[in-house]
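What follows is a single structure, and I will ask about it in a moment.
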Amino acid sequence: MEIFSNMLIYFVIIPVLTLAGLALTKNKGIDAIRAVAVTGATALVALAIYLVVVFLHARAAGDTSDMILQTSVTWYEPLNIKLALGVDGVSVVMILLSAFIVFAGVFASWKMDPLPKQFFLWFFLLSTGVFGFFISVDLFTMFMFYEVALIPMYLLIGVWGSGNKTYSAMKLTLMLMGGSAFLMLGLIGIYFHSAPEGQPLTMNILEIAKNDAIPHQWQYYLFPLTFVGFGVLGAMFPFHTWSPDGHASAPTAVSMLHAGVLMKLGGYGCFRIAIFLMPFAAQQLGWIFLTLTGISIVYGAFSACVQTDLKYINAYSSVSHCGMVLFAILMFNKTAMTGAVLQMLSHGLMTALFFALIGMIYGRTHTRDIREMGGLMHIMPYLGVGYVIAGFASLGLPGLSGFVAEMTIFVGSFEHQDMFRRVLTIAATTSIVITAVYILRVVGKLLYGAVQDEHHRTLTDADATERISTATLILAVAIIGCFPNFFIDIIRDSFTPVVKALTSVM
Amino acid sequence: MDYSQFLMMPQEIGLLVVFLLVFLYDTFMPSKTLKGLPLFATIVFGIFTIFSFFPVQDGMAFGDMFESNKATWAMKNILNIGMFIVLLQSIKWANSDFVAIRRGEFYELMLLTLFGMYLMISGRHFLVFVIGLETASLPLATLVAFEKKYYESHEAAAKYVLTAVFSSAIMLLGLSFVYGITGTLYFSEIASSVQGDNSLLLIVALAFLISGVGYKLSLVPFHLWTADVYQGAPTMVTSYLSVISKGSAAFAFFVIMVQVFGAAYAQIWEWMLYAIIVITITVGNLFAIRQRNLKRFLAFSSISQAGYIMLGVVAANAVGMASMMYYILVYIFSNLAAFGVIAVIERKTGKVTTDDYNGLFKTNPWLAFVMMLAMFSLGGIPPFAGFFSKFFIFLGAAQTHNVAIYVLVFIALVNTIVSLYYYLLVVKAMFIRQDECAIPAFKSHWTEKAGLIICTLGIILIGLVSCIYTSLSDITTSLTSMFSMI
Amino acid sequence: MDLTLLMYIVPSLIMFGCGVYGFITRKNMIAMLISLELMLNSVDINFVVFNRYLFPAQHEGMFFTLFAIAIAAAETAVAIAIIINVYRLAKNVDINQITKMKF
Amino acid sequence: MPLSSTIYVLAIPFFMFLFLGLVGVKMPRKITGVIGVLGMAVTTVWAYAIAFTYFFGNGEGQMLDGVRQQIVTTDWTWLSFYADKLVVRLGVLLDPISAMMLIVISTVSFMVHLYSLGYMSDHDGNPEKGFQRYYADLALFTFSMLGLVVSTNIFQMFIFFEMVGVSSYLLIGFYYGQQPANHASKKAFIVTRLADLFFLIGILILSFYTETFDFKEIMGANGHDVCNAFTSAQGLTFMGCSVTGWALTFIFIGGAGKSAMYPLHIWLPDAMEGPTPVSALIHAATMVVAGVFLVARMFPLYVLEQGAMDIICVVGAFTAFYAAAVACTQSDIKRALAFSTISQIAFMMTSLAVSSAKGELIGGHEAGLGYMASMFHLFTHAMFKALLFLCAGAIIHAVHSNENSKMHGLHKYMPITSIAFLIGCLAIAGIPPFAGFFSKDEILVACYEKGIGWGLWMSMVAGMTAFYMFRIYYLIFFWKKHEVHGEHKPKDQPWTMTVPLIVLALISCVAGFVPFGKLVTWDGVQLETHLNLPVACASVGIALIGIGLATVMYWKENPLPDKLATMFKGLWTASYKRFYMDELYQFITHKIIFQGISKPIAWFDRTIIDGFFNLLGNVTNSASFGIRKMQSGNVQGYVSYYIIGAVLLAAITGIVILFV
């Protein structure tokens, strides 16, 4: 079993072991459950950091292959389906992000009730899917892990959610599954054109890209299928409506994981599969999706301006920010794509932070309606400051992650030669103002001003676990914001193959 | 006559032996020991199941009327597994009042129907096929009517037997046309003699034939008996109907289509099947959405599942065949898990509607868990087996490179969303909905537990462990003669 | 005059049609069963006639017919038994009455 | 003091911010305050040392044949958009204006730190909450502002533009408990953010053509040789204007936002909701001149883009007049001072813009006159405007009100404050020998060089300046006897607050004699400045007229102002209401942005798009309900479907096969 000699597989094994450990715990033994969960999450973080080190070593040692730590073991021999692992810079940072958010999520759901055991079971099943998706380079396994990551959402929201939870859970699951239906068709199409006549078909992304055998007229069908399939998860206009309801009803940790990691699967897949494997169609049809994503950037921001539910505001701002991710990916140059990945990181962290804080505030005030709250800064300064920091990150304050990501995206996109893309970029830049508008609106209504509800005066500030989870995220946001080059150096070269493929079909 | 050719049919003979043992036990053992009959039958059948895994020699027997090859062997084994689970689960029920006196018949008839299915699978002459079909369907009519006290059971039986005979009449008419055109009922000879000419009569015959088999597979529009019969029949019989007979019919259907009409008529029947599959999946799903009675609900879900199985037939190639058999296997485990849970709860409380299941997770977590696994597997959610079978059958279908089949696959995929919707409704009832008067916690009999555990293991492992599919596809790829004509 | 193939086939097909028509229209289940017999018998006639006129060399059709008759008998027996049971519980054999399970 | 140590001038405030923000909040208020002041004192000393070393030291490569060089002391690659080009560096660039700004910022900041010890100690009697937070934010602002002025590249400038914006947001909203402060901070941030958007776009365009952010690479050392990429890009046109023109105009808009040029000025008056020392530091002396500084920093490019220069010139001239006109009627002394600030900054902008008047630009010294004057005025104005604000703070602290109707006749209660305020007024009015006279005189000279019309216009505004400043002065300190409420008498404030007043007053007296032309010029070449006598006399005369008018109207209580107010009622109210600019913005933001765009979009999202997906579900459900009759429960019905289905299957296929 040479597969176990590859460290990547342990990103799947650790969550599975955690699942097993949780399964062994008693329903009542809350401490044991927490212990197992924290252990699993910590192990993941450690492994992720170690992976970064390994990656940097490999690159420093002059390993210039597209992916490192590649392993491929046959799984379904007749269909040439393999369990193929491998990571490049993008997957490495994505794994790091996921690990961090899982870690923070565990702490954010410390007091989860009822059925904490089942909650963590689903939680870790979800993270299994996420990590599996990021480490695999085989279409089939990627798709499998993708769906593994999707389905726990239903119960996580349905059982532990709030508000109109069953409706939202069903809507979210069905829309995402609808996306994956498109996706599956696209993948099947890719599979059957994965190799030139006579050679065996393959599911390995790298081989498919090497063969470059997908006929152009087929790409016209397959590219939209795959891109939309992932775009649904990337909250691309007009397929984003699951996001507000879903986030509004989801429990804190689930919103964190969903906005923080799951929505990234969309952008990652778009770049890794849709664009990488079908560069021709990407060049031809790119403008359509570019327009759509451009719309979702401004559209989401404007919609966020008038929401009154904290989670709706964040959901719509996620639509805007994730739109920026797809937008940048469709710019087809290294800088913009690097910006996209930075934006994924930044959005992942700060949205997770947002949802964590919202969850904590909601847990105290039992309302998410900003009209019923006010002056919370007087009462819970820690949470208030955290919220302000998250807000600044979101509206792109230098020194926090958002600024770096957005600037990279804008500069990269504007470097594009054709006028259409540059005009769209200008249009996209307006979002920084609108973002400021709605963020400051929330901060002003929620934290500043006089205390609205006298009952709130008795509320407490964050406790230890909450401080841990928020501090982790704030620290991460600040680190990315202050030392972006570290991440950029990891990411940038990963785009060499895709950019080469894109330019070759120009 | 050369008796050695009986060696070609060891599984059939083994099955007859099991039948005889059960029959003798039933007839000659003292009545107080009859309580042990179900267990006895199950154990004997289990032993037979294991033994029937010994490979058989390939070849034709009885004047080429009977073929035995790896595929038939594998298919029969798949059916055996399903049959064994059904028997295991039915032990407790068979010993319950009202049924106890006739428990012998129950097992004997079940085994006989299975024998009929063997014939359907292995028959290479329409006479054998028809006999097998009838042997498989007529005893089922009596089994459906098994709950002597319940009116529904008899109404279902009446509907079943009338429609069954009607459909077989239609099919026989079609067969008569086939005979009239070709002058033979041997699969291979028909195939060779219908080369080229596509007379209208043969098309009619084909349509009638499809309708006849489609009846057993409950394809739309030949499906309308399904829901009522499933609802009325004893749950054990329902599960048997829904998986075993369906599986055998699907396999036989595949063989007939490919071997008999594969050569000249591939185009024709493939287009027929496109239409049938689309409406089958869609209508099945649409009906399933509204069902509250779980047996009825699973009936409609099984209709749409049959549509997916047909995708394997449309593929008409090795991958398609392997995927279809694999799909049937997975489907057996998933559906039997679901029916197992339903049966247990029905036996304990007599409740069968979705609303009765509200808050089941609180009271009976394990039952709810198994049910959820079954639903996810049926809905095609990874990492459970259903996902793999769906993916592979789509792959198999898409192997034939025309756009029409992509459209077909797309419609099927869209339908998976609808199906997911109603499968999730059940999950929702069990996990999310709360109910004070939920089904109280209870202990189920160890045989039922065993059955459910087997199903659960199957659901979880069959997908992740690739050897099963691999061996199936090795088998089908070895059948070069079969697909040579396509 | 000598009888041609069609002289047998056409009546048998008519017979089959009658059977179908009867099955769909008659309310009494016994009557429906009789219609079924009509259908099956017309099929038998087809087989025999095809065999006799087109392929006199071998007797496949004949044998098939024999089996078909046997099957038809079995079917009738089972059907009758079930109908009797239905009558016991529902006190009628009107097909329109036994529609408890629907939709 | 080696110039390479400039980085510490930034580092100290930054670490003070971290320390006070994280640890300080746990410490007693007095200690944090003292720490803040001491830290700032060190920074100030250091900054002075650096500035003097730069101006008067003769270290390695400071002066090359009479030309004062730009020196980059620190250069750290922070963010590289491309592996090679478009690299964002964080560094320290020392040149005349940045060195001068170091002095300005550190001086005023230190004064304000000291002053705040007294001012922020209590809030209407009870001890101030968030005293520590206040000092942390002050430190953050100081750091950001210093970082802004020493930027080595335009992107670093943008970064610190954002930073000062945020720290100004935090400080304006210091009393976040009160709605007005809350709104004011929001407004300030969003308006400046809007301007920064244009700044960003300008950067994008500029960097797209020059492929670098670095000032030195774009403009060459001392702006002598502008890079070819820029000059060649001047040829390209977009919508009729050269792309570089677009870029520079956008960048100017960015500066205009911070510098409160019309029509982006509206945030500044509201910003007065912040604590008065903050107004003195941020909204009078330092941050608001960032725009001027930006334009001055990119001056070599602007002189190449006459179009952009004209825009700046017009905007500046108009703003100067507009703000002065409004200032004449304001009753809230801080608002009045705010408008005078706007007007004075407009002076600087204008003088920058006019300073490319003469034909020979690069190397032409007249071209540099306006530039020098502008920087000079920036320097002096920072001092006396800070002084004025701090005085206002002292007064407000004494009478607990911003309205001059609550003041009147404070002269005999707070003599020191009164004198200091008077000095400030004289300085801003441009009366020799006070600082304002010299700088303003240079500005007017430059304007007259551009054209007689510009000169006259600006002189008129200068006159108005004198008038409204003395109006305020009289209304506060004289006009009529101060009615004392209860035993609480207004009096001069404790030393922590008076010392800064005195210091700044002294500076305002002497600052005019600094030989600015020798030190601060746009190309480092020394500039011979000579007092242009006619202009000087004219401006002084106008100033005196203004003062006289004010004296007549406001020295003693008299009905004249009200008479005039009623006589020109429309004009007066319009001016009092700032010519309805705020109402206009209210309309745009609420009626158009919120009601007109956001609400409809939100509705569209919920109703149309979401509705569509719900519709899919409903359609499926209703279809499922529609076809349920199929399952009638009647065997004969089933069989009919069966037979029809079979026959149709055969028929359709047959037809297709045979006839197609």
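To keep things simple, chains are lettered A, B, C and D as they appear, and every chain counts its residues starting from 1.
Basically, contacts are C-beta pairs under 8 Å (C-beta built on N, C-alpha and C of every residue); 3 or more make two chains touch, one makes a residue touch a chain.
Note that this is a predicted model, so its numbers are computed, not measured.
Path length between chain A and chain C in the touching-chain graph (shortest route): 2.
A count of contacting C-beta pairs for A-D and for A-B identifies A-D as the more extensively joined pair. One finds 37 Å separating the Cα centroids of chain A and chain D. Taking the mean of the C-alpha atoms as each chain's centre, chain A and chain B sit 42 Å apart.
Averaging C-alpha coordinates per chain places the centre of chain C 97 Å away from that of chain D.
Between the Cα centres of chain B and chain C there is a gap of 27 Å. For chain A, residues that reach two or more other chains under the stated contact definition are 174. Shared interface positions of chain D, defined as residues touching 2 or more other chains, are 628, 631, 633, 635, 639, 643. Those residues of chain C in touch with two or more other chains are numbered 23, 32, 100-103. Remark: chain A residues 75-79, 140, 143-145, 147-148, 151, 154-155, 158-159, 165-166, 169-170, 173-174, 177-178, 181-182, 184-185, 188-189, 191-192 touch chain B in the complex. The touching residues of chain C, when paired with chain B in their complex, are 16, 19, 23, 29, 32-33, 36, 39-40, 42-43, 46-47, 50-51, 54-55, 60-61, 63-64, 67-68, 71, 74-75, 78-79, 81-83, 85-86, 89-90, 98, 100-103. Every residue of chain D that touches chain A in the complex is listed here, in rising order: 77-83, 86, 155, 159-160, 162-163, 166, 169, 173, 176-179, 182-183, 186, 189-190, 193-194, 196-197, 200-201, 204-205, 207-208, 593-594, 597-599, 601-602, 605, 609-610, 612-613, 617. If you check the complex, the residues on chain A that touch chain D are 171, 174-175, 238, 241, 299, 302-303, 305-307, 334-335, 375, 377-378, 392, 395-399, 403-404, 407-408, 410-412, 414-415, 425-426, 429-430, 432-433, 436-437, 440-441, 444, 447-450, 484-485, 488, 492.
In the complex of the two chains, the chain D residues touching chain B come out as 620-621, 623-625, 627-628, 630-631, 633, 635, 637-639, 641-647, 649-650, 652-654, 656-658.
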